[in-house]
Structures are given as C-alpha cells and as structure tokens.
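Next come two complexes built around chain A: one with chain B, the other with chain C.
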Partner chain A sequence: MTKGIDKLVQRPISRRTALIGLVGTAGALSMPWIARAQAETIRIGFPTPLTGPFAAEANDQVRSAQLAVKLANDKGGIAGRKVELLVRDDKLNAGEAATRTLELIEKDKVHAVVGALSSAVQLAVNEVTRARNMIYVSISQSDTINEIKDFSPYTFHEALNPTMTTAVVARHSFQKGSKVAYLVADYAYGHEMLTGFKRAAEVIGAETVGEILHPFGAADYSTFIPTILSLNPDILCICNFGRDQANSIKQAVDFGVKDMMKIVVPVILHNQRLAVDPEVFEGVVGGANYYWGLEETVPSAKAFNDVFRAEYKGAIPTDYGAYGYTGVASLLMAIEKAGGTEPQKVIEAMEALKYDVAKGEQFYRKCDHQSVQSVLVLESKAKSDMKSDADLFKIVANEPASESILRSCSELGFKS
Partner chain B sequence: MTVQLIAMQLFSGLALGAILIMVALGLSIIFGMLGIVNFAHGALFMVGAYAGLYVAGLTGSFWWALVLAPVLIGLFGMLIERFLIRPLYGRSPDDPLLLTFGLGYVLVEAVRILFGTDGIPFSTPAALRGVVNLGIGFFPLYRLFVIGVVLAVLLLLWLGLERTKFGLIVRAGSADPLIMRVLGVDISKLWLVVFGIGVGITALGGVLAAPMRNVSPEMGTLVLAEAFVVTVIGGMGSLAGAVIAGLIVGVAVSMTSLFAPEMATIVMFALMALILLVRPNGLYGRAAPGL
Partner chain C sequence: MSVVRNVELAPPSSRRGLAVLFPGANRWRVPLSVLTLCILPWVLPSQALAVNVLIYGLLAVGYNLLFGYTGLLSFGHAAFFGAGAYATGIAIGTFGVNWFVAMVVGLAVAGFLATIMGMLAIRTRGIYFSMVTLALSQLVYYTALQASSWTGGENGLRGFTVSTLSFPGFSLNFLDPLVKYYAITIVVALALWFVSRALNSPFGAVIEAIRENETRARACGYNVERTKLLSFVLSGILCGLAGTLSAMHLSIVPLDSLHYQTSGLIVMMTLLGGAGSFFGPFIGALAFLLMEDIFSLWTTNWQLIVGVIFILFVLYLPKGIWGTLISWGKGR
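This part shows the complex of A and B:
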C-alpha cells in the first residue's frame, strides 16, 4: 500500500499529464469548486484485527466497509471526490493499532479513521485520533468511550454500547423476581456488560444470585459449573466475546445447564453460532446490532443485504460486519453534507445527520456522539426451524432507536 | 456452601486433571525419552483435532476419527522427526526447541489457509451425549468417557514401557544412548517410533478435546502452556510425575474456581512457580539431560 503511494509521489510528470494539468488548471480558474473537488481522493483509514481470535468478525467488517466505499464511488464519489479505504491489521493489539493509526494519519494522510474491534484497542486508536484532531468512527462496543474522560469531539461511536445492549436484552429476557447468575469474562467487555445487566435487573426487579468471573480466553469452564448449578438461578447470563462465547455455552450445555435454566448473552454472535452445532445455541437469547433477517421488515436492511449478496456471491452480512458498513456510510454522508473533509464541518454534519442505511433510522447524540439506533434481541433457532444454513436466529424484538436506554449526558459527565 | 458442592468441585478438578494429563502426555513422553522440548506440541494438538474433524467428515464416525487421526498425525510426526529433527541431534538442545517453535507457527498458518480462521463445529458423538448422576451431582457422559480413555492410554503406556522388550530398550536408550549404540541397537529407529507415539498421543488429545473446546486454529495456544505447567510440576520426563501433577493442577484450578474464579488460569502458573522453588526438578524429576 505505502509502496503504491510512493510510486504516485515519485512518478515523473509526463508531457501528457502536464498538458492535462494545464487544461485542468485553466478550467479550475473558471470553475473553482470542481477543481477542489477533483483535487484529492477521500482516504479513510481502517485498522482492524485481520489476524487473531476476532479475525472472522474483522474480515466481515472490511468487506462491509469496502462495499460502502464502492457504492459511494459507483454513484460518482462523495462531494465529487473518489473514496479510498486503507485497511491495516491491528493484530488485536493496542500498541500495534496506535502505530498503524499514526501511520495512517501522518504518512497516508487519511481524512478520517473508522475501525478497531475490541474495547482496549479502540480506546488506543481513540487516544491517537483525539490528540491529532482526526475524525474517528469507532465500531466496537464500549461504554468508556462515551464518558467525558475519554471523550473526543472528533470521535463518533457507531457501535452499540453495553448500557443500551443490556437494557434491551434484559427487558426481553429477565422478569420481575427472576434469579440471575452471571458468568463474566474478567476484562473490560465482561465488566461493562455485567454492570449494564445489573442496572437493568434492578429496574425490572430481577435478583442477582451470583457473579462468577472467568479468565479471558479460558479453555475449560467445567470447574465453574458446580457453583452455577448450586446457585440454582432461572437465568444464566454469560458475558464474554468471540471464542469464549462458543466454548462456555458448549460446555455449559454439556453439563445439562440448559435443561435447568435459560442462557442469556449480551451479544449473540453470528460467527460463534456457526462455530457450533445448532443444538448448542438453541434457545439462547442475546442482543445484536444487525441480523440479515431484518430484511423482512426493514427496507434499508433489504437493500443492504441485496448489494452485499450481489457483491460477495450470495454471502450475507453479519452483526459486527454491518458496523463496518453503517460506520463508513454515515461518515461519507456527513462528508457529502459538509461538502468536504474539513473536520469542524464534518463534525457539525455528523451531529445533524439522520441516516438509515441498513437497520432503520440512526443519529449521533450531540453530547457523547453515541449512535442512537435500534437494538435487536435474537433467539437461536432449533435445527428443525432453520429454513436455510443462514437462518440462525428468530428476531424476538427490534427496539426502535431511543435515547431512553442510554445513560444521560449529565450522568456521563457532560454539562447540559 | 455445602459439602455436596465441595465434593462436586473436587470431582470436577480430578476430571479436569485427567484432561490435563491427556494434554501433557505427548510433551512429557517426547521430552522424557528424547530430551526434546517440543514447542510444536500445541500446534500438533490442534492439527490432531482438525485431522479428527476431517476423518469424521469423510467417514461420518467419531470412532474412526478417534483411531485414525492419531495414527495419521503420528506418522506425520515421524516425518518431522526423520527430516527436521534428526539432523539436529548432537547439537545444542536449543536447536530442536527453535525448530519446533517455528514449526508450530507454520502449522497454525497452514491450517488457517486450509480450513479458514473461523471456528468449526465438532459434535459430541450421539452415544456419549447427556449427563450422568454421580450422586453428588450431574456430570457429562463425554467427560467420563475421556477419563476412561486417559486411563486406558496410561495403562498401555505403562505396560509398553515396563513389560515389553521394546519398552526396555526405550528406557535404556533414554538413559544412555551411546551404550545402546555400542550394543548394536539402532537408536535412530527407536527415537523415530517414540516421537511418532508422542505426537500420536498429542493428536489423540486434540481429537478428545474437540467436542469440549471446539476446533479453531488457535486452540493449541493455551494447551502448550497447560502441558508445560503439568510437565514441569511433575518433573520433566516423568510419566508418573505428569499424572500426579495433572491431578494436582486440576484440583487446584477447580478449588480456585470455587473461591476466586477469576484466578483459575493464573493459579496453574503460581503453583508451578511454588513447586519449582521447593523442588527445582519438579515432583518426580531427575536433573534434566542436556539442559
């Protein structure tokens, strides 16, 4: 990639190019707005963990982001300019992500950054973009990024956050008097989800009977299960991500846990469901930002699926993949409205934007730049109910976008 | 906290211990007999699981996978010994270590290319699904089956090493290879077979783990760490040590899960550090040859 750019810079100017340039300049004098428009491609940096345990989700993000860019270019670009996506592997490592982001900004001269897929990595990218007044659209769950201490006026949070996810999931799976036990991955993601669920449980009147923290990336969950069974809950709420989700649910099911209680997760992952047999996840309930089955009720989801299928040989977009699309698409819409990439104007346009590109109406809340959007609650289907290999989940609920499920601006530390 | 819960936790710990023994056995055999620290152990474990997946896909039977995958990967192990490790005998012990370390990376990448980076389902065989009432609580039938297989493998290994002529030669060869050569025994053939058996058992561990841990290219990463902990605590190269250490680690993890679950992984390493302080060669270890 960088080699390509060097080539661009070092290429000697041919006579023809010079001539075109001359004509262009002459034209530019008479039509200054077009000259500016044709001057520079809009470059969007996209750091994401292409290798490692979240690779499946990351590759989906890239495909969706590239689709958003392609669609923009097909209709003639944004504000008359071509758009280019510069994808970089952050290896799910905060230091690597910071370095790659810095390179994207300083060397590749990107106009905005979208990406990162883990709360810690995302906060590292946010540090870099904040210090350099660079627009950043983050596309992975985090509550911290909304809070004033990590806030950057240049950052917009396209992903759901744990507070809104758990509020909606709990509403559709907990009941007054439910006894809930938690099995939680011992790192930021797990802790934030646990906090969210407990807050929601309190409102609903569900009772917490136990919290068990498990080490991140644990291979064996058998030793946690006797404790879970002895707590005798109605609901086992498993707050972990990626392979931990598939492994912990698989092993809990082996112990017969599902016969005794319901399993609820904050985010039910398309790719992890595919990593086990349907019987393992059958009946498990969890939240999601996107599921392709939305196409039956949401026109923009149908349109998104259709272009995705056309572009990728019939494949369907996944949950985390869709973030790549909605994140890039909303950014490009704002750049279009702002008439260019001047950061302050883009910020104003993002704050004023109402967009519906894949899942119904969304907008960025002014105080913390959180994307207010619908939250899905999904239930994993039994094998016998699946109409195709991709027919994984039943949509239990599609809660429309509402600020009421977010923490208030003042709660996050913003002055109203 | 009831007596029943503690009893159940203890049992889970012993059961986990059996799985850890399975995971560590291949590493322990290869080190004990050949003095090679096999850093590709975790990757071979993972390759075993994928081989199991492949065989099960072809034959439609878990049982064929359980038998054929370890044999195939064992043969693959013999190729590794013959063409990659054998040229390094007699050189610094670091050389095979570095070689197997790199080999581990190559195998993981190869699997990513062949089977993709996503996890792949591996069903528990129908006959082994369900739970068994132990009186103190319920336990998955499959895990009880794994314990049974581990006991069978240990018994076979013990009989093979202690009661056969082959075992006698292997033990003599690991004690003093030079004398064995002087006596006219072709040591290189012996080591080829031992390495193959070690890798085969590692692959068996992978196949057995697949229905519990799911199959993914990274499934061997933690396995390597677990196997080292068990092998080091037991004493590098001691079979009895690996068995005792596996059980101790299993129970330690299980009891920690009860009282401080977030420490369940770290406790293994803390235990290893503690035991190394008291017994630098591990519980049953002799001073390691060549290290």
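This part shows the complex of A and C:
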C-alpha cells in the first residue's frame, strides 16, 4: 500500500525534474549567444503610449529619442557599437507596459529601457526592469519612483518630479497671503502635483481655499467652475495633464475665470497650447523642463534645436519630446564612459555623469537617481506678442539645477 | 444523479466539441489542449505574449463556464480577476507569505467575492443581470482605488516580485521566461482538467439545461438558483486563478485589471473564440492578443483593425472561430 502511494507521490516529481532537465539543457544551449553579446548592437527599449490621450507627447518623445540614437550612430556608434531604439506602444496601460517590457528584455534582449509617460506605467516598467537587473531611465513625472520603496540601483529618473516642478512654479506665482483654489485630476499625477503645491504654499504663506477633484479624461468642467468662482481665490491652480489641460482651461476661460483670478498649472504643455487659440492660454503660468526659446541663452539648447530642425524639416522640439532626447543621450554617454553595457559599470558611470545635452548642466543624484536639472517657469504669450507661430511662451524664470528644491534623501527613506 | 443524463434537453455542447472533427478527441480534450498550449511559446512572437495567452485564455475559460455554458452574460468578471491578483500581491508583498499560500489566498478572496456578488446578481435576469454585475464590479474598482495604502491606488500594486518558486527539495527560477511559462501551464492544465470534469458531471448537464430552457429545468426539479450560484462561484474562482497568475507573471497589479474594460475584453475574447466550446476561449484569447501584438507594431490605429474584425465575426461568424470550425466539421 505504502509502495503504491510512494509511486503516486514520486511520479509528478520525476516529471517536473524531467522538465527542469529539458529547460536546463535549453539554457545551456543558449550560452554561446550570451557570450557573443559583447560585439552586437546596443539595443534600447522604448515603451511609450503611442495610442491614447497622451499620444501627441509620446510621439514627440519618440522623435527626440530617435534623434539621440541617430546622432550617436552618425559619429560612429557608442563604444564602437551601433545603437538601435526599439519603440513599443504601451497603450497607457500598466499591464500592457509590463508585458511589452518583458518582451523587450526576454525576446529583443535589450540592454536598457528608457520611456513611459504616466506615473502608473513607469512604476510598472520599473518593477519589471529592477527584478531583472536592467537599467531603466524614466522620462515621466513621478514622486513615487524616487521613494525607497520603488527605488533600485537600476532605476533612474530623468524627468522632473512633481516636488521640484511645483516648488519652482509656486515660488514664481504664489505670494504670501494668496488664496489658492485647486482643480485636480483624480489620479496619481494630479494628487502628487497637489501635494507639491500645498507644500510649497505652506512655505510661501499662501492659503488653500478649496480642492476640487475631477475625473481623469473629463470632457465637461462646467459643473466645477461655479464652485471655484464661489471660493473667490486669487489663483486657480489646475493640476491635470494632456487633453484635460486644454479642455479645462478653455472652459474656465469661457466662464470668465481669467478676469477674476490667475490660472497656474504645474506643467504648461506645448502641444496643448497649440491645440487651442492663443487667447485661451494667454497669461497662464506653468512649469516646464524645456522650451525651445531657451536657445537664446543656453548653447546646448541651440545645438539641440538645430539638429532637430535639420532632421525634422524645421520642426521644433517640445517639452516632453526633450525628455526622450536627454534620457537617451545621458544613458548613451554613460555607456560610452563605461565602455560597454555591463549594468554595474553603466550605473557607476551614470552616477558620476555631468551632462549638458539640451538645457544646461544636469546630473543624477546619488541616493535616488533623480536628475537634478533646471526648471523653467513659462507664461503663455498674447497673440499680439507672438513673433511666429512657434513663439508661444515667455520664459519667466530659469531656476538653475539645485538639490534644494528636491526632497532630501532621508525624507525619501534613504540612509545617507 | 444518473437521472440527469437521461433528461432530454438540447444536446449538451460539451459532449459535442472536438468529437465531430476527430472521433474520440473529446475524451482527450484536456491533454490535447495542454499539448497545444505547450507549443505556444515556440510559435508566438514572444514568451511574454504566450504567458498572456495562457492567463487570458484561462480567464475566458472561467468566464465561458458562466456565459457559454450557463447562459448568464456577466459584465463584472474583472472584479474576480482583479481580486485574485490583488489578494495574491498583498499576501506576498505585505504579509510575506509563500507564493503557494498567496495563490490559495487569491482563490479564496475571489471565491468569497463571487459568492457575495453571485447571491446578489442571480436574483435578476437578462440585461439586469449584466447591469448588476457591472455595477458591483465597479464598486470593487472604486474600493481598490480608494484603499490606496493597501492597493497602491492609481499607481497599482507593486513590490511583490516572485523570482523563485520554492518547492520542498528544489526551486525554480521564475524570472526565466520558459520556466515561468511551463510552471503556469501546469496550473492552467489542472484548471482545464477541473473544468472538463465539471462539464462532464451532472452539474455540467444541469447548467446547460438552464441555459437552454430555465423554466423546463426548474420544472424537472432542479434547484436553478443554487446551480446558477455554484456556476457563478466556480467561474469567479477560475477567473481569480487567472488573476493570481497574472500578478505573479507581471509582478504588478494594475488598477486597470479591475476596470470594466477588462470585463469587456473577457466577453470579446470569449465571443471571438466561441462561447460554449471547451477550447474556444483559448483560441479567442490567442487571436485577440496576437492581433493586438502584430497590428500595434504596424500602426497606432490597431484598434480600428481589431474592431472591424470583431464586427465581422459578430455579423458573419457568431459562433466564433472555434465554434465555427466545429460546426463545419459537423456539417461534413
């Protein structure tokens, strides 16, 4: 009887063992390919939401990232190797992004991943890459990715984060005693921006008079505006992204909000401003990582704009597009310095890197790998002040790169 | 219980199936299905896609039990998929339990949720049933959105990567795509075997009887409510299993997994493959994911192509891919 049971128990194990054997053999057979990897093309995975509400920004990211790769190849490659960018549509869906990233790592055998354009999506990509010791350079705003829970040595954050964006924007638009009302998109981006602004407002001494949440992707804001008017603030701070930004500002302006208060946004988007008439955005103040008008003062911006114009028939790079460029370019510089794609060496090179590719000097802070960089404050121009169709914003301030506007390493949970 | 088999209702499709194409194939439908699944990672564009086919196929199989076999159109099955995934993720991430225990927790939570939702929903019929399941699943969605300290809210659940599957005596590297695929295949094979057993049991005959003619089934003395509830719960648990596997595969649980669009996706895959057939849902999941994978590399307007194909199917091949193949075989 016991023998019979033993047999039953042993059978599945022996099958499993056979399976492991099979897989092991397959693994052993694939070893030569791994050994050969050194001389091959450097492949960079680039998941980004080509479809969905952020498609305009995503397409700009792709164009700029491709430009960075092209420039590297034109000067003979990186560490003697060609560079290839593998763009994948993550559909603005975290599950899809994780699948695509797995595919990039397992099938396409990429050496690093750059990309994503949403808080949830970049955290999903980060989760997949950090478990597989794969370098990931995120190019979308997030505060969460800096915190110790989501951090890994392989995680880099090239984009601005909500804390630094709101700190700078508030410094140039809030005053002591200002009454501020917030209209906030009800998801991670909106919440993180709101937290940042309130934190900055406390330092400045501005007062919060109301917070109104609107659903992500809302088309109709008319129900929120009477509430905002009744709060009677000096400043209306609209924390949303993509199409939501143009829609909400347009409707607020239709209600005459701008005659009674100033409109401030955390990130003023190039493409959204282009989507509506100049009168709608006139006087709206917001932050940005990049604006092409920087070329008057920053030489690297001029160089970036020039190559971009030459490559794309006179087009100019946009804010989110620039992230694609700075993200890929900084990674390639580090690979060059490290002399190859060995992750540990590339990480060391990135931590030591000082780079100025488009907007002045930047570097990755050692503890959380956040890119310390300048933050712009822009004001949308009136139609009469615009010298050309692309002359959208006035640069109110170009706050230089400084760790002082970031949360401290210990605040993020790092021991330093 | 043998009486059940003698009830003269419409011929249960579970016993039709492959048998028409290949006599005797029905007996071997589980091994044949599993064999087909074993080939997938070698023929599909990527292993991550193959794992998704497994997971969404299982999800559609679980859904098919309720929709295809019992005839109840639910629009809320994302709730069970998501609940299974979140419960597994939280069990590993927050409570640090073993992967196997976490899977059991995932199944238990999905089953519990299905019991409650089922008890509320099966009181209604037709379109009302669909609406009630949709509303209840949206409740689960918003609960997960609000309870962000547990679920990570909008950012999704993270921090529970399963890198090794430890068994007594040995362990598997779960980060290796092939090991992961075959480990998940084993679980899916067990689930398929279970579904096959359930469909061949008297219970399987009764749910099909309810689908064909509920009044008559009731008149024959079957407890229709209890059977419907049992079918709802089993279907929920199978979808929960797909959820736990998805959590372990992606090492994240996106909030979207609870969204009604996921519920819609399940219905679409089931219809595309063939509702009420054993292997149809897998074909549906395979076809949908493959189309998505290939077309989205070509064009950003891939949804247009997939949508047109889906409309063509609904208009001209309402039995779905697998269902049509079977009926062609039958016509011969």
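Keep in mind that, in the parts below, the second predicted complex is superposed on the first by the 378 of 416 C-alpha atoms of A that agree within 3 Å, B and C clash if a C-alpha of one lies under 4 Å from a C-alpha of the other, contacts with A are read in each partner's own complex, and residues count from 1 in each chain.
Methods note: contacts are C-beta pairs under 8 Å (C-beta built on N, C-alpha and C of every residue); 3 or more make two chains touch, one makes a residue touch a chain.
Every value quoted in this text rests on a predicted model; they were computed, and no experiment measured them.
Using the contact criterion defined above for the overlaid structures, shared-chain residue A:A303 touches neither chain B nor chain C, since it reaches no partner.
Residue contacts after overlaying the shared chain place A:A79 against neither chain B nor chain C. By the document's definition of touching, of the two partners only chain B reaches A:R243; chain C does not. In the overlay built on the shared chain, the residue A:G95 is in contact with chain C alone; chain B does not reach it. Contacts of A:A131 after superposition on the shared chain: chain C is touched, whereas chain B is not.
Judged by the touch definition given at the top, the superposed model places A:A55 against both chain B and chain C. With both structures placed on the common chain, the touch criterion links A:A397 to neither chain B nor chain C. Common to the chain B and chain C contact sets on chain A are residues 51, 55. Against chain A, the residues of chain B that register as touching in their complex are 1-2, 4-5, 8-9, 12-13, 15-16, 19, 117-121, 123-124, 130-131, 137-140, 142-143, 212-214, 216, 218-219, 222-223, 226, 253-254, 257-258, 261-266. Residues 13, 16-17, 19-20, 23, 26-27, 50-51, 55, 88-89, 91, 93-95, 98-100, 102-103, 106-107, 119-120, 123-124, 127-128, 131-132, 144, 149-150, 187-188, 191 of chain A are the ones touching chain C in the complex.
Of all residues in chain A, those touching chain B in their complex are 51-53, 55-56, 59, 186, 212-215, 217-220, 222-227, 229-230, 243, 246-247, 250-251, 254-256, 271-272, 274-277, 280. Those residues of chain C that touch chain A in the shared complex are 45-49, 52, 153-156, 158-159, 161, 163, 167, 169-170, 172, 175-179, 182, 246, 250-252, 254-257, 296-297, 300-303.
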